[in-house]
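So the structure is just underneath, and the comments pick up after that.
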Amino acid sequence: MPDFARQAKLLLLFSRGLLRRWGIRSIPPETFTTTLLIGSVVTLTLLWPSGPASCQSPPADISEQPSLHETTGEKSEEGDAPPLAEEITLLSAQEVIARDAPSDEGGAIVVTWIEPEGAEELGARGLKYEVLRSESPEGEFEVVGELEAGQNEFLDMGLVDGQAYFYRIRSVLGSHRAESAQTEAAFSQGNWFRRYRLNTLVLVIVFSSLVLYYIARARRAKRVYIRKIAGLNAVDEAVGRATEMGKKILYIPGIMSMDEMQTIASLAILGHVARLSATYNADLEVPNKDPLTFAAARETVKEAYLEAGRPDLYREEIVNYVTYDQFAYTASVTGKMVRERPATNFLIGSFYAESLLLAETGQTCGAIQISGTAEVHQLPFFVVACDYTLIGEELYAASAYLSREPVLLGSIKGQDITKFLLIIALCLGVVFESLGLGFIKTAFRMQ
Amino acid sequence: MRKQIPLLLTFLAGTIPIFAFFVPERHVGLVSTGLDSWLIIVYGFALLLGVVNVVQMNTNKIKRRASGWPYSIVLLAGLVIMGSFGLLGSFDVFGGIATRPDGSSTPFNWLYTNAFLPLQGTMFALLAFFMASASYRAFRARNVEATILLIAALIVMFGRIPFGEMVSKWFPIVTEWIMGKPNMAAQRGIMIGAALGAASMALRVILGIERSYLGIGKGE
Amino acid sequence: MNLDRLMQIDRRIIYLFVAAGTILPIIFLLGLPVSTTPPVRMAFERIENQLEKGDVVLVSFDYGPSSAPENDPMADAILRHCFAKGIKVVVIALYPLGGLSEAIEELNKVAAEFPELEYGVDYVNLGYKDGAQAAMRKMNESFKEVFPLDVNGTPFDEIPMMRDIENYGDVKLVATLATGIIGEWWANLVNAQFGLPVIVGPTAVSAPKYYAYLEARQMVGLLGGLKGASEYERLVMDKYPRLAELYATPGLYTATKGMDVQSIVHLIMIAFILFGNLVYFTQKRKPRAAK
Amino acid sequence: MPGLGTWLAAFFTLCMLSFLYKDNPFFRVAESFFAGLSLGYYIGIVANQTLKPNLVLPLIQDFSANWNLVFAGGLGLMLYFRYIKKVAWVSRWALAVYVGYYVGVNMMQKLHGEVIPQVGDTMLSLSYSGIDTLWNVVMVAGVLSVLVYFYFSAEHKGAVGGISRLGIWFLMVSFGAAFGYTVMGRISLLIGRMVFLVNEWARPLIEAVI
């Protein structure tokens, strides 16, 4: 027990050390413990056996199997196999092995075997394999699956973890039957790693370490160079223009919710724009389509005014909610553009069909427009109708670019190095693929 | 503490799906999908946040007799009518919100068909006009880039209509090629870049480096 | 000078052209030439040459109002073709967002053009069923279990023509007018597993992915978007004078008209773009000449 | 004579179209009504399709099996703490969990579902005979040059500058082509509205009047 306590304390210290590295300077121990407590309560409630997600019902899986058996069984009766010669030696399958199916959540066993000699020839005459299963070595075996000749693997699903299962493979050809030896007891279990996602794991580790490494490096005051991004250079000027003209700045953070990365990127830019607006005392408005984005945008703008030292200028109306329908929202915002003629429009975030409706109306109203999205299908419309467009990745780099914070710049650098490695991998992949060696491409196969 | 709990919650919540992505073990999956179904409910609650704001803003406007206040009455009328049909519908008053078993419309459905859909459809249809004016203004051969944009657009527009095919059978073929090769290549490039950018952003959020969305400044 | 003003042409003039280019072809038939392509001819010839009077075709409405301008004319053309040839039609709807209303509207419209045909004998509307894929599987066993009542609430067994129709085996062909994934299921599920020949009429946006199914012979015909529908209209008009007459009715929206709109509006846009560039270059050359 | 529903739909269609000429009271009425109506519509949808089946019914029908949904409801209610000054800061918790979870989901989705397959699919063989090789070269060159365009931490000069310029050209081809390709779909939508106005409203109206 003291051992456990020591480990827990070490873990606590380690996590606090980590957090400090990420810039969270001081965390009172009680806060940390509270959060851990909340976390464990949440985890426990979710883990409760009758949780909302416990909808996997093994019986459903089992019930599907007999029907499979039935249909194939029917076919074999009317099958078009040529009549059997009298002299036939039907051999049983060899080396039948049953083991837990890998990389799954449990409840499945995979059975493999080696086909008997002459299976290919007999396959043409209708050779089939029946997979038999029993819960005890002496117990009754029941058919759980049926496969055509040429196959040598069967995935048995809907099993109970920890229960012993025994398998046999029966070769069937007309009225002939040959049963294989019985397997040893096999148990299904949940696994701890999806092996087929190894390539993603490697990418995640490489990517995260590079990003973290360059963040740490940037902290040690190594300067990071970032190429010019015209759209972002124009931000300050655009806010300044609105101030001079005494007109509104309209900031539209896209139409998606906070589960979309583009929205989060957009709010980071909104923070910057709001700080500038507060400093210059410009008139900012942020109409919203998504209610959660609305809530988050409010926090962002409020904090930005506070940081700029002008909390007195902050009004609740700056960030407002319009409606949840994409086109009703668009109608309202375009109407607002025509009536209030904002000097500057920011259209940054995730947009769909409304992109051109908003951008074109803004254009005809004579506003400077800075847009940004990673939606490939909407980029053409922004490019056509806006003065500046942040294309794809530029949108995500914006918060680093605008704030010039070393930590953020470091993460861009890490991301760039990953990109460099991917370019190398792509070139190598093309070369090897051309030489007829597909192993690099295979490593990138998604499963 | 007020600033740190949210960051820690983000961190904890963010690691769950990443963990579940690699770990097939049933309980891990349960936590992840369970949290997902919770969040759908949380999102349902959020809509009311918007409704509250809309009602507040518009009643204020009407009270202050701000410019355009009569339109606020129209807006609130739409909200109250449709909203109450919808809410009453969830208690099966008026036969719910879809069509009744005999095929007749519930009030909610009638308004949806005869007001909501035409409004939505017309707003969407305005795009055809806007595409015409935007293309007229923007597709000018000002420099190399703009010229490439212009030519690609013209070829594809010709290639999509029978007239283009009559002029030359190559128009549809070249159109398909442009869509399938250079266009596809560029889109892939954008996607790969943007995906890396988004992943890096995600990492920054999980680590609490990017946090302006929570209204937590850098000072702490 | 004047050229400057031309450059800044009021966008409302462009809007006016676009509006006229849309409305006029809907009212007046222009009849721009339509050339037919193999995927559409395959669909037409399948019904024309391989089906006989009295055969049964299943028509599935797998789209809603949002894509009606594209899908409606396809549905109409296929229904008219079947009715003109004396083929019996079973209509169903599997698309949740308005598939049923489209099915009712289009079938009623086309059926009214053939007063000699009788509901329940020559055609029937079985209505909507949710869970498209499950319904499609189940129909292989029994139509009746999936659609116990028709759209009017008549029990399955009391519909005369349904007495002879038990499952896919009694149907010669299915035509699906589709906007989403349901069209693909007809090809890669119903055709692949149950062998029922499939014709798909998808929207233009999703048409490209169906070519793969056509090449793999999982479909016997394809009407891609308005263009495909207008080709089908041309084919039925050439074959059936009665339908040619019908398609000339003034108040009728057809794919041919829709395609006329497409061509004209595209050409208007192209013309404006070219005009804009022409003015731009003339203007750009001027100062140089002055020098 | 067109029915009431058709009249209403036609009225709103015309109001919306009038925006093309200029902003006017008709458009403003339609726009305001649309905003309110659509918000009301989603209240109905959320109440009937999210809160009722996912929260209320499970809690009423079988509380003992679904009691943990109370926490979900509690998390949702936290959003409203912002209206109570003393505990306003708690309203961030729900947002933090929401963002955190989906950020994690997104990170995996982007790396696993986009980066890996898109890079893998671009590994095309350049050793075919004939035109296919050329097209594969176009594809590979396009992806590489666009990726170089997005390389932020190197100056875009010299070779890098040249390649990134090529990337911009690819982007321009793509934008132009995608624009041209979309025109057709948008016109179809307009046709839909115009056919409604002409055939379902104006024609019966004129016929009824004459």
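Observations
We just call them A, B, C and D in the order they show up, numbering each chain from 1.
Quick note on the criterion: a residue touches a chain if its C-beta (ideal position, glycine included) is under 8 Å from a C-beta of that chain, and two chains touch if they have at least 3 such contacts.
Values in this document were obtained by computation on a predicted structure and should not be read as measured data.
Between C-D and B-C, more C-beta contact pairs join the chains of B-C. Of all chains, the one whose CA centroid is most distant from that of chain D is C. Centre-to-centre spacing of chain C and chain D amounts to 26 Å, using the average Cα coordinate of each chain. Measuring from the averaged C-alpha position of chain B to that of chain C gives a distance of 28 Å. Chain C has its Cα centroid 37 Å from the Cα centroid of chain A. Inter-chain spacing, taken between the CA centroids of chain A and chain D, is 18 Å. Shared contact sites, meaning residues of chain A that touch two or more other chains, fall at 42, 46, 51-52, 197, 200, 204, 207, 258, 261, 264, 292, 295-296, 299, 322-325, 327-328, 331, 364, 376, 379, 381, 383-384, 391-393, 397, 412, 419, 422. Residue positions of chain C touching 2 or more other chains: 11, 15, 18-19, 22, 65, 262, 265-266, 269.
Residue numbers of chain D whose C-beta contacts span two or more other chains: 16, 19-20, 28, 30-32, 34-39, 41-42, 68-69, 71, 79, 92, 95, 98-99, 102-103, 105-108, 110-112, 115, 119, 122, 140, 143-144, 147, 150, 171, 174-176, 178-179, 182-184, 187, 189-190, 192.
In terms of which chains touch, the assembly is arranged in some other way, matching none of the line, ring, star or all-to-all patterns. Contacts from chain B toward chain C in the complex involve residues 102-103, 117, 121, 128-129, 131-133, 135-137, 139-142, 150, 153-154, 157-158, 160-163, 165-166. Only residues 12, 15, 18-19, 22-23, 26-27, 65, 67-70, 203-205, 225-226, 251-253, 258, 261-262, 265-266, 269 of chain C touch chain D when the two sit together in their complex.
The part of chain D that touches chain A in the complex is made up of residues 16, 19, 22-23, 27-28, 30-32, 34-39, 41-42, 58, 64-66, 68-69, 71, 79, 82, 91-92, 95, 98-99, 102-103, 105-108, 110-113, 115-117, 119-120, 122-127, 140, 143-144, 147-148, 150-156, 171, 174-176, 178-179, 182.
Those residues of chain A that touch chain D in the shared complex are 42, 45-46, 48, 50-52, 197, 199-200, 203-204, 207, 224-227, 229, 258-261, 264, 292, 295-296, 299, 322-325, 327-329, 331-332, 334-335, 338-339, 376-377, 379-381, 383-384, 391-394, 397, 412-413, 416, 419-420, 422-423, 425-427, 429-430, 432-436, 440-441, 443-446. Put simply, chain B touches chain D in their complex at residues 2, 5-7, 9-18, 21, 34-51, 54, 68, 71-72, 74-87, 89-90, 96-97, 108, 110-129, 131, 135, 139, 144-146, 148-157, 160, 175, 177-179, 181-193, 195-196, 198-199, 202-203, 205-206, 213-216.
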